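The following pair of complexes shares a single chain, subunit A, combined with subunit B in the former and subunit C in the latter.
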Partner chain A sequence: MNVRALRWLLVPLVVVPLVLLLLHGFGRDPQAIPSRLIGKPMPEFRLVTLDGRTVTSAELRGKPVLLNFWASWCIPACVDEHAVMLEAARSYGSAVQIVGVLYQDTPDGARTFGARYGEPSWPTLLDPDGRLALDFGVTGPPESYFVDARGIVRYKQFGPLTAAVVSDQLGRLLGAAGGRGS
Partner chain B sequence: MPRTYAFPLALGALLALAGLLVVVALRPASAPSREEVARQIAGDLRCPDCQGLSVADSNSGSAVEIRRQIEEQLTAGRSPDEVRQSFVDRYGEWILLSPTAPLAWLLPALVLLAAVGALTVWIWRARRTRERAGGSAGPPVTEQDRARVREEAEALDA
Partner chain C sequence: MLPELGHAAIVVGLALSAYATIAFVLGARRGDRAVLASARRAIYASFGLAALAAVTMVVLLLTHDFSVLYVARNNATTTPPFFSVISLWAALEGSILFWTLLLTGWASLVIWRHRAGHVALLPWAGATLAAISAFFFAVMTWPGNPFTRVTPVATEGPGPNALLQNHPFMGLHPPLLYLGYTGLAVPFAFGIAALITRRTDEEWLGIVRRWTLLPWIFLTLGITAGAWWSYAVLGWGGYWAWDPVENAALLPWLTATAFIHSSMVAERRGSLRIWTSALVIATFCLTLLGTFLTRSGVIASVHSFTQSSIGPWFLAAIAVALTGSLGLLVWRLPALVGSERPAAPVSRESAFLLNNVLFLGITFAVLFGTLYPLAVEALSGDTVSVGAPWFDRVNAPLFLLLLFLMGVGPALPWGAASWRSVRDRLGLPIVAGVAGVVAGLAIGMRDAAPLATIGLALFVVAILGDELLRGTSSRARTRGEPAPAAAWRLATRNRRRYGGYLVHAGICVMAVAISVSATQGQDATATLRPGQNMRVAGYTLTYQRLVQEPLRDDPQVIETRAEVGISGRQTGSLATALRSYPSSSTPIATPSVQTSLGEDLYVTLLSYDPATSTVTLHALVNPLVVWIWLGGGVVGIGAIFAIWPDRRRATAPAPAPVPVASAGATPPRREPIPETAAPSVRAEEA
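This part shows the complex of A and B:
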């Protein structure tokens, strides 16, 4: 009789782990994958900006970099974070370098976006084949990478930047740069 | 179907299935062309900006570029594993559509094995109980029962 009663224990034993597993799985964004780049040098590139200048990864060394993958069709996330980035550009000035990378979008789309939501003071790189996005392991905009003054990737933000994330990460990078006396 | 045939038939079917698996596994494979290799690699990789599609099944910007890079790397003489690894280096295991962890492959087999074991024990015990009870299940069939079955079958046919 005891053994028969114990059989009913099998029900919660099967159901509880399954429900927990499903809860864990459904509560997660499947695109939000941890970056393999953290602690590694940022991929090298040489790309042309929206206004025709050439920017290389090498010339970004020396100051913390906020590299932001975005698109004009990424609404409302990219619009929301655009305001955050405009504010960051104002408050950090030349202490950090903000760089936008256009993700699967046309230059015209980017220009219209700038005219409507505020012209960025930072360069926007064109990545027509998406090669740089692939090298960074981007799954969709917006995605941002915080790179230290030595060119090492320190943090990946999946989804729109917030004022808190920007001040935390840039503060850390600027603090580290100052600590080393560079 | 008489019970006596059930076991040989099941065993025969199982052996035939095993034979099929052996034949499929041992079939001599012709060396795949580079296009086939490229398509296979693309089929193994998850399209980064799609929902549940492989790179081979999508025409998104990323998928097109990944296919171009696969082609480029194969032309440069890299092996399929090296090509796959170059994408794992950037995206992590996430980019692979089938898991590489052995547990993920073994677990279903273990569950199946446990289920077959449990079923065998269950059938074996049910059989023993019946044998102990006198070898036949239920009361003997009388002439009355047979007549009733015939009647009802005819009623169904009508």
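This part shows the complex of A and C:
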């Protein structure tokens, strides 16, 4: 082989590994750190809702829970998933417990949001010092946790909920509760 | 209406840059002046359109038009006007728009400046710049449209990124950095033009000399301002963390600096031409890589923008730019090898070559450390991180060697050096360096790194001072001028040389300040109730009270601050705070920095308990930090001095000199006689 032609190898030798390496970087979200809570009990809390009731983590046991961290300023992601959640609340009814947690937002903001995009049928917890968000390791809204009937965290959704994620995860949790799954 | 106008401007901008690319190529091949003139006008127009789009976005931000997604995500009705304006570069899409504005600005300026000359090179350089602009316009036309609408329209937004809002420096650091990044496309474009036209002689190097130094100044100041911002805002007491995105800015700076040095040799001696071409390609590709790393979501860092679909576009751009330019270089390699002139082993050329090797060594080390976690994850699935200690350990010796070369280089003549002249030059500076080390030991310094840095810095400064003195006394003697006038005239007649020396002196100041502040600092942490004291390095801090209130100019932001009295080498009081922004899950620190020439007292509020008013404070005493910023300023002044247009030479027949772009007001030939035959050199060679 012509030695001088070998210099052309330089180009793919530099380009191909670099591009492959960077290509590998796609599809992974550096912020999507797997939650350490998966398989562990949900952090305990005692918080006040938007309409002044008190909700504790203990009283959520017995039903699968969808815990959704959101904010009225998280647009459009929280608006998109709000529609998904309204639909889920309708179709699952009392079989599951949906709980919203207001993240870095004011109660007024949450009320305006509800009036605009549809009043939620589920309670919205106020987390004024962000303690619950910290316990869950929330990095930014929206972020949701699926908790089974025994209070064990089973799945973390990073970013907005979609109808597919909700039906998969709640279906799994309800199946397990009915004794058919796992 | 306005958002559609903005996006229309971008689409037309894309069409015009694409047209300019083709027209430059066709015009160059056919030698058609009319086509080339229309290509130039298309470039100017694309700049106008980018400006129109940017102004549109600023208006949308100022009027809080939440029907535009970018505004809804990065603005609030309470955002102060200043932060609304600088939100132009707060997030992904806006920053690409701003980037395009600067890039087309550079392209227009350089093409306008050289419109009458360089008939062979300019069209190809113009085509390269137009193609790069077209890429950025295309990104904004499709995946990264900054004017995307959103329905339903929100009534309030989260406001800009909290870190962006926290310090007015964010109005300065990104634009400087972006000016540097985008400006480095100009030398790349001329490098490509030189390779395509086989004119890899000194012509293109003469053109890009100032077009490289100018963005280099912006990049240097941008990196320094970023370090300063990090120090003043992030609250961890340091200024450089080897964060992937800091590295992304440093990488092109390293290769651009190497390019500036090797291009001097290539222009003057005809050596290092391959190096020089490779360096200009590497510099541009590294700016693309930096953009990719911050905008693709590949690497997590404080600087990362949100994940987006533009990543693949940038990856494709890197692949095309790297393949195309490396391929071109390899294609032209035989001609370049043939034109190389060998360098003598002990000469200024070989010092420059060694300088280049060191700069490339540092570049590889930093690039390796930055991409290593990604590579490990790709190959084994493990998550690793490369920490600052690794970067420090690997790079410190290389930087020290560079410092040494910075002194030796100017003391060596071009061509071959005789050992006698070298010995003659280095004797006194070595004594100065040793004296510095001894003085450091005497005041109790025991770490090797700062001692070596001090010794080498004094060695370099002594050589530079000696150069200036020799030149001045020679000029004063032969011309009968008083010494200060002789020194000033000597420097202003040889701007490149003495400006470069001033840059080196500034680097020496920075090097000493960095190594001393990194190793000789002291700190303490304490949890205090009101009235209690803590001590650190001779200071007594008395915690007085905790105050919690909304910021006056943005009531969405709640500030909690601890008021502290200080006594010691500085006295008075300070307030250190944490601010809660609605858009940030964690409070943002607002550390208090009490600066003096000798040291900074740096106090951060780590945590507080509003019920008992107890606070946890972290106090650091960082020696010499202010000299990093001052040294950065000296570097900037030195570089500006070096590129300042020379009035004597401007009288030579040059195409229409203009004040702004006076960078090109010199004939594109090599450096005139006065520098190569500077008095000190002449004295030595006699």
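Brief remarks on what is shown
To be clear about the criterion, the second predicted complex is superposed on the first by the 159 of 182 C-alpha atoms of A that agree within 3 Å, B and C clash if a C-alpha of one lies under 4 Å from a C-alpha of the other, contacts with A are read in each partner's own complex, and residues count from 1 in each chain.
FYI, a contact is a pair of C-beta atoms (placed from the backbone, for glycine too) under 8 Å apart; a residue touches a chain by one contact, two chains touch by 3 or more.
If you're wondering where the values come from, they're calculated on a predicted model, not measured in any experiment.
In the superposition on chain A, A:104 makes contact with both subunit B and subunit C. In the superposed model, A:146 makes contact with neither subunit B nor subunit C. In the superposed model, A:45 makes contact with neither subunit B nor subunit C.
By the document's definition of touching, of the two partners only subunit B reaches A:36; subunit C does not. Legend: residue contacts after superposition of the two complexes on their common chain; A:70 is shown touching neither subunit B nor subunit C. In the overlay built on the shared chain, the residue A:133 is in contact with subunit B and with subunit C. Taking subunit A as the reference, the larger set of touched residues comes from C, when subunit B and subunit C are compared. Residues 104, 130, 133, 138-140 of subunit A lie in contact with subunit B in one complex and with subunit C in the other. Chain contact summary for the complex, subunit A toward subunit B: residues 33-34, 36-37, 104, 129-131, 133-140. Of all residues in subunit B, only 48-49, 60-62, 65-66, 68-69, 89-92, 94 touch subunit A in the complex they form. Those residues of subunit A that touch subunit C in the shared complex are 4, 7-8, 10-11, 14-15, 18-26, 28-31, 71-76, 79, 103-105, 109, 112, 116-117, 130, 133, 138-140. By the touch criterion stated above, subunit C contacts subunit A in their complex at residues 66, 69, 72-73, 76, 150, 152, 154-158, 292, 296-300, 304, 307, 311-312, 315, 318-319, 322-323, 326-327, 330, 333-334, 371, 374-375, 377-378, 580, 582-585.
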